[in-house]
Amino acid sequence: MSLLAEHTTTTAADAIERAEVAVLPTGSTEQHGPALALGMDHLAAEAFARTAVDRDDTVVLPTIPVGVSEHHRQFDGTLYVTAETFERYVEETISSLAAHGVRKAVVVNGHGGNSDALRRAARTLRDEETAFAPPWNWWDSVADVADDLFDEEGGHADAMESSLLWHLREDLVDPDALEDAEAGASEAWGESVHGAALGFDTIDFSESGAVGRPTQADPEKGARLFDAGRDQLHALLDWLVDRPLEDCWPSDHK
Amino acid sequence: MSLLAEHTTTTAADAIERAEVAVLPTGSTEQHGPALALGMDHLAAEAFARTAVDRDDTVVLPTIPVGVSEHHRQFDGTLYVTAETFERYVEETISSLAAHGVRKAVVVNGHGGNSDALRRAARTLRDEETAFAPPWNWWDSVADVADDLFDEEGGHADAMESSLLWHLREDLVDPDALEDAEAGASEAWGESVHGAALGFDTIDFSESGAVGRPTQADPEKGARLFDAGRDQLHALLDWLVDRPLEDCWPSDHK
Amino acid sequence: MSLLAEHTTTTAADAIERAEVAVLPTGSTEQHGPALALGMDHLAAEAFARTAVDRDDTVVLPTIPVGVSEHHRQFDGTLYVTAETFERYVEETISSLAAHGVRKAVVVNGHGGNSDALRRAARTLRDEETAFAPPWNWWDSVADVADDLFDEEGGHADAMESSLLWHLREDLVDPDALEDAEAGASEAWGESVHGAALGFDTIDFSESGAVGRPTQADPEKGARLFDAGRDQLHALLDWLVDRPLEDCWPSDHK
Amino acid sequence: MSLLAEHTTTTAADAIERAEVAVLPTGSTEQHGPALALGMDHLAAEAFARTAVDRDDTVVLPTIPVGVSEHHRQFDGTLYVTAETFERYVEETISSLAAHGVRKAVVVNGHGGNSDALRRAARTLRDEETAFAPPWNWWDSVADVADDLFDEEGGHADAMESSLLWHLREDLVDPDALEDAEAGASEAWGESVHGAALGFDTIDFSESGAVGRPTQADPEKGARLFDAGRDQLHALLDWLVDRPLEDCWPSDHK
Amino acid sequence: MSLLAEHTTTTAADAIERAEVAVLPTGSTEQHGPALALGMDHLAAEAFARTAVDRDDTVVLPTIPVGVSEHHRQFDGTLYVTAETFERYVEETISSLAAHGVRKAVVVNGHGGNSDALRRAARTLRDEETAFAPPWNWWDSVADVADDLFDEEGGHADAMESSLLWHLREDLVDPDALEDAEAGASEAWGESVHGAALGFDTIDFSESGAVGRPTQADPEKGARLFDAGRDQLHALLDWLVDRPLEDCWPSDHK
Amino acid sequence: MSLLAEHTTTTAADAIERAEVAVLPTGSTEQHGPALALGMDHLAAEAFARTAVDRDDTVVLPTIPVGVSEHHRQFDGTLYVTAETFERYVEETISSLAAHGVRKAVVVNGHGGNSDALRRAARTLRDEETAFAPPWNWWDSVADVADDLFDEEGGHADAMESSLLWHLREDLVDPDALEDAEAGASEAWGESVHGAALGFDTIDFSESGAVGRPTQADPEKGARLFDAGRDQLHALLDWLVDRPLEDCWPSDHK
């Protein structure tokens, strides 16, 4: 059992001694249209992260539930912190664990808006040689599977996300609202005008808050996504466990 | 049902419309000696906060699990962020909810080290007239009950905390380790030398990480603490629901 | 003539009175492999921006030549500032012009590493209702043309960039070195391991500093890219000139 | 003679050579009700600090007169800086002295509102191994004496403070106003509602700005307080002079 | 009597009601060579400021004793804070007074190294229309008198400063050390090499820490300087008292 | 050829290997009255800097075109960033070059308002022993020549600046407007009232934006200024090339 928060200091000492890699779930609490719960992104991250609980070479940290979601602020219930605050919160959390000796980590991320901040945090931790902590976005790892399952470009509260949540937490999906979600959805994220990316806020291009074709969702597809993502995550963990720490740091000047 | 993260935007709109007060649980993931789980403080905060889930006038936010715990850093497994980062994370989270219309909040706090930062966040939010969001420390609200139940000064991983966790999550207490916890504990928090408060880190004054007399713990006492704290919290929520927002802001110059 | 720096205050007053949109070129001074000059990105941005000099409804600002290039730092000659400093430099420059009355702008950007910072700056300026200043990346506007011209995924010092510079500044391309550039190049940007984006520094995945197939470059292709990009930029400027300022600001809460 | 500001560089070199501990007085300039001068807190700190002037092992720094007093801002004449600014001002001052070789210090503090910031400064200086500089609050060191002398809970401009100032600077106390002070005073600091500490500003709970029972004040009691505090301070200085610097730094990971 | 710190809130209310201008003394505690006390600059500022105590239209704030003196750090006893911290400390102090209604101020400054920071603070306070608070450097106001009295370029611990301190605090000047001061002094501040100002630290160009010809000092010259400076300061205060607040704010765009 | 931006990484490696000193031009884009172009200051800096292009021991960086010009903001076309942002932009740029091995630099500065920020940047870089990078203001280096050529105190858009620009870029001077410039000019910079430096914005003391006697300008005088400045700059470069790096760092405590 390696949810860090469930260890005492005595058992944590052992778990940390054995662990090579920490797993930190991050997400958001933000609008996901009329059919999905606001917690979608942190719940997904938590679900993937917790598949690592039985690994002896891993320790799972608590879930960070509020992220960089200002661009969803016009929709009810969206919580957010600034990118800078989120970056620091993640960076300092990982840094505090690294001081106990676990200096490799995977940030299991459920929210696209967090990505830049996570990447900056990872860069800083690596440049200081504090920790090697790349973010892992679950949807990036299952792009091929999603292409097979869904006919959508998507990007937010789409068929892919809807399916995953339906699989993970059936009670947090309202299937009757998927039609409304799709009716007010845009096809793709943002708005491009002659090469300039506009679409600063989701509301600029989506009426329902969704982007994609959520009516294609079903829980079996969600199960396939989850299994595929879990396999990718564990392959990444295996790879990282084996990677010598000294290979993780920045190269010298050429 | 008013865990914000479990609402869709549609139902969140209704819940926020009805809600007068938000409840934000904050804690830490930090050493609590050999007998208690590291998650003690955020689990306690979450447990108190979730008693408000059935209230129609309240909305419960996700739990913020890592806090201001640098002073426990010498003990295995302690995670921490700086006071400044924690303060901003909380302040911005509350501010983002306030923009949807819920401008009163109670920060249900499980960790003493968070208190100064929470107080600064509450002061800023109030001075800006963004939100009125005082912190509520569960142990302050049950001081009288604890005095009756325990013969300890305490302060960390003591009989009071041990009892509460035993009641809430029996699986996260190791009763056999309470003797060790007490054997290495200090009587009271910190170290005072001729009026100067030293004891910057817990390890400066406690061998086991505990402060108090944890062997006095039992789960029934924990149940009494929990019930007493819950009653206090709901009395506070009632009081805050009734308090006009305009009475919450700072007074003018005298 | 509307290079702002070449106006006196007297003629600037007229130019600003007439102008609807400012054009700010931004780039970098960073390695572009053995065949292209370090100034590639700011020179390209400047060249596109200066095509707007004859427009009466536009004013062109000086070129910002150093950007967010830390990830190229292991290669000789790369200059960089932090993302935060770059973001502020751009944001404050645009804000200072907006105070004279030109509150729409296009940031003509030549460097991918600047994009996140430019997007944050644009977001801040828009949220404050100071200015509407979306970044325009020249390569995004000519993606279709590039697909026709080149068989590469590319991403840095590739056939696309090499062609453009060859067209703009023949003296700054060393055609004899294009083979070396390609020999040490990676096919695509970065390195993905089981869904995690690694490749924090260019040197992690490219020996020569290039990414793509630079030997496909020639100046005629560069001319076609430049013309296509220029047309897109002017279409964007036309669109922005016509867009009422009040339509540029963020939407209200839904 | 060891007021640092009264030394030339020549004599300062000697004084610093001999000194083991610096003494830095900090206070505030803030309302102390109708009977006491605004300078109460920095004057008290200065008076205690200056008792160390004759010690050969000590050097006394200039008094920092404005502190963290925003919560008194509704009362006339209150000056304040932010907690962050005050913290930095103190930390940097101590750090600059430490560079000359005096790496232990006592911050003799006269204002409760400064305490958190002083504690953070001391923590930072210690974590960096720049200096060991715990704050010493005069009222904490004489709590027992005050309990004997006064029947009050108090906390601000109370009988304890009034007595001390009366002893130190009779001209800065208006004895005729002590009744008014008490008439408008609260019994204790702040306002607790069901365990939540409200009372963000003094004006929220005190009409006169005082907290306690100032009419119990007299100068003889002030003399007793001063002598007791002075003795405590010198005991602390003796203890600190003898403490090896290496014992002052943080412990290693357990 | 209008030392703010010596007022109670009751009398402060009256003094502030009558006052048009605040006077804030700022200086430093830094090396002034072998003959002058480290407190020279804050003592001088305080002495000038206190001449305003009898004015009914003025209120005198406490002295800020540590300033921007990093460039003297190689000499014993020099204390310093960063320019940014000093700037904030001053700006926030003035801002807190302005909230009580005194929105014009003179910062009576005794240390050249503070000037840039004071100017930035004044600019910020003016741009925000919080307060109009120009710095007044005593030496700038008596440049003509000093030209008559001394044959020196000077700049630090010179005949001008030595004379002033000799007049103000005879006990803080060691006349026997003036020869040593001069023997190790440079003629003028800094070091210019082909138009570049080097001389980042005083020690780069002065052996004794002094700059000028301190042996020309005597207390009668100091008295003349003081009287001349005092007259200038009061003329400035008169001018500022009469200046309408609305004339103090920045002009609109031309 | 050593404009860094025109090198490929291959030739940059050689140029950097040979170079001892970097040259970084900085200026502003700000009002220079009715007769001179807004780019005056960065164009002048660039012109001086580019005289170093043929030196083998030097590498010339791109020009930083926007500086600390807030005080000119009421005049049309003035761009500016804050002093802090400008300082960081310059400091980080120099620091990034230093990492390639060129650790001495001259900042060729064309704008007086940049001076304090450049000095702070140089101090920081030197204190960290990252680089030795003093600013060189062209007008300081030709003060004697200017005294011979012009009868003015001046300070902005004066005869000295007008002559220089006339020499460098005849097309950017409007000789017919020099009379207007002078008619609305002040004699000297700023406004001194009883020793206090007021004149926070240029508009506070100059109607036309100019300070000095621009009608005395002519291009031949500009040529003389330019030649004299260039000679000074190259003498400085020679001096700096020969100066051992270890002599550039701060001295130890005395």
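Each chain gets a letter, A, B, C, D, E and F, in the order it is written, and its residues are counted from 1.
Throughout what follows, a residue touches a chain if its C-beta (ideal position, glycine included) is under 8 Å from a C-beta of that chain, and two chains touch if they have at least 3 such contacts.
It should be emphasised that the depicted structure is a prediction, and the values quoted were computed from it without experimental measurement.
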Touching both chain C and chain E (chains): F
Option in B-D, D-E or E-F whose residue-number contact pairs overlap C-F by over half: D-E
Chain located farthest away, centre of chain E as origin (C-alpha): A
Rotation angle (°) superposing Cα atoms of chain B on chain C, nearest 5: 120
Interface composition of copies chain D and chain E: same or different, split at half: same
Reference chain F; chain at largest CA-centroid distance: B
Computed distance of Cα centres, chain F from chain D, in Å: 48
Averaged-CA centre spacing for the pair chain D and chain C, given as whole angstrom: 56
Length of the line joining the C-alpha centres of chain A and chain C, rounded to whole Å: 30
Two or more partner chains touched - positions in chain C: 70, 73, 75-76, 99-100, 253
List of chain B residues in touch with chain D within their complex: 70-71, 73-76, 83, 106, 116, 119-120, 122-123, 126, 134-138, 140-142, 192-198, 200-201, 203-204, 229, 232-233, 235-236, 239, 250-254
Partner chain E, residues of chain D touching it in the complex: 3-10, 12-13, 15-16, 29, 31-39, 42-43, 61-66, 69-70, 73, 75-82, 85-86, 88-89, 92-93, 96-97, 99-100, 171-172, 174, 177, 209
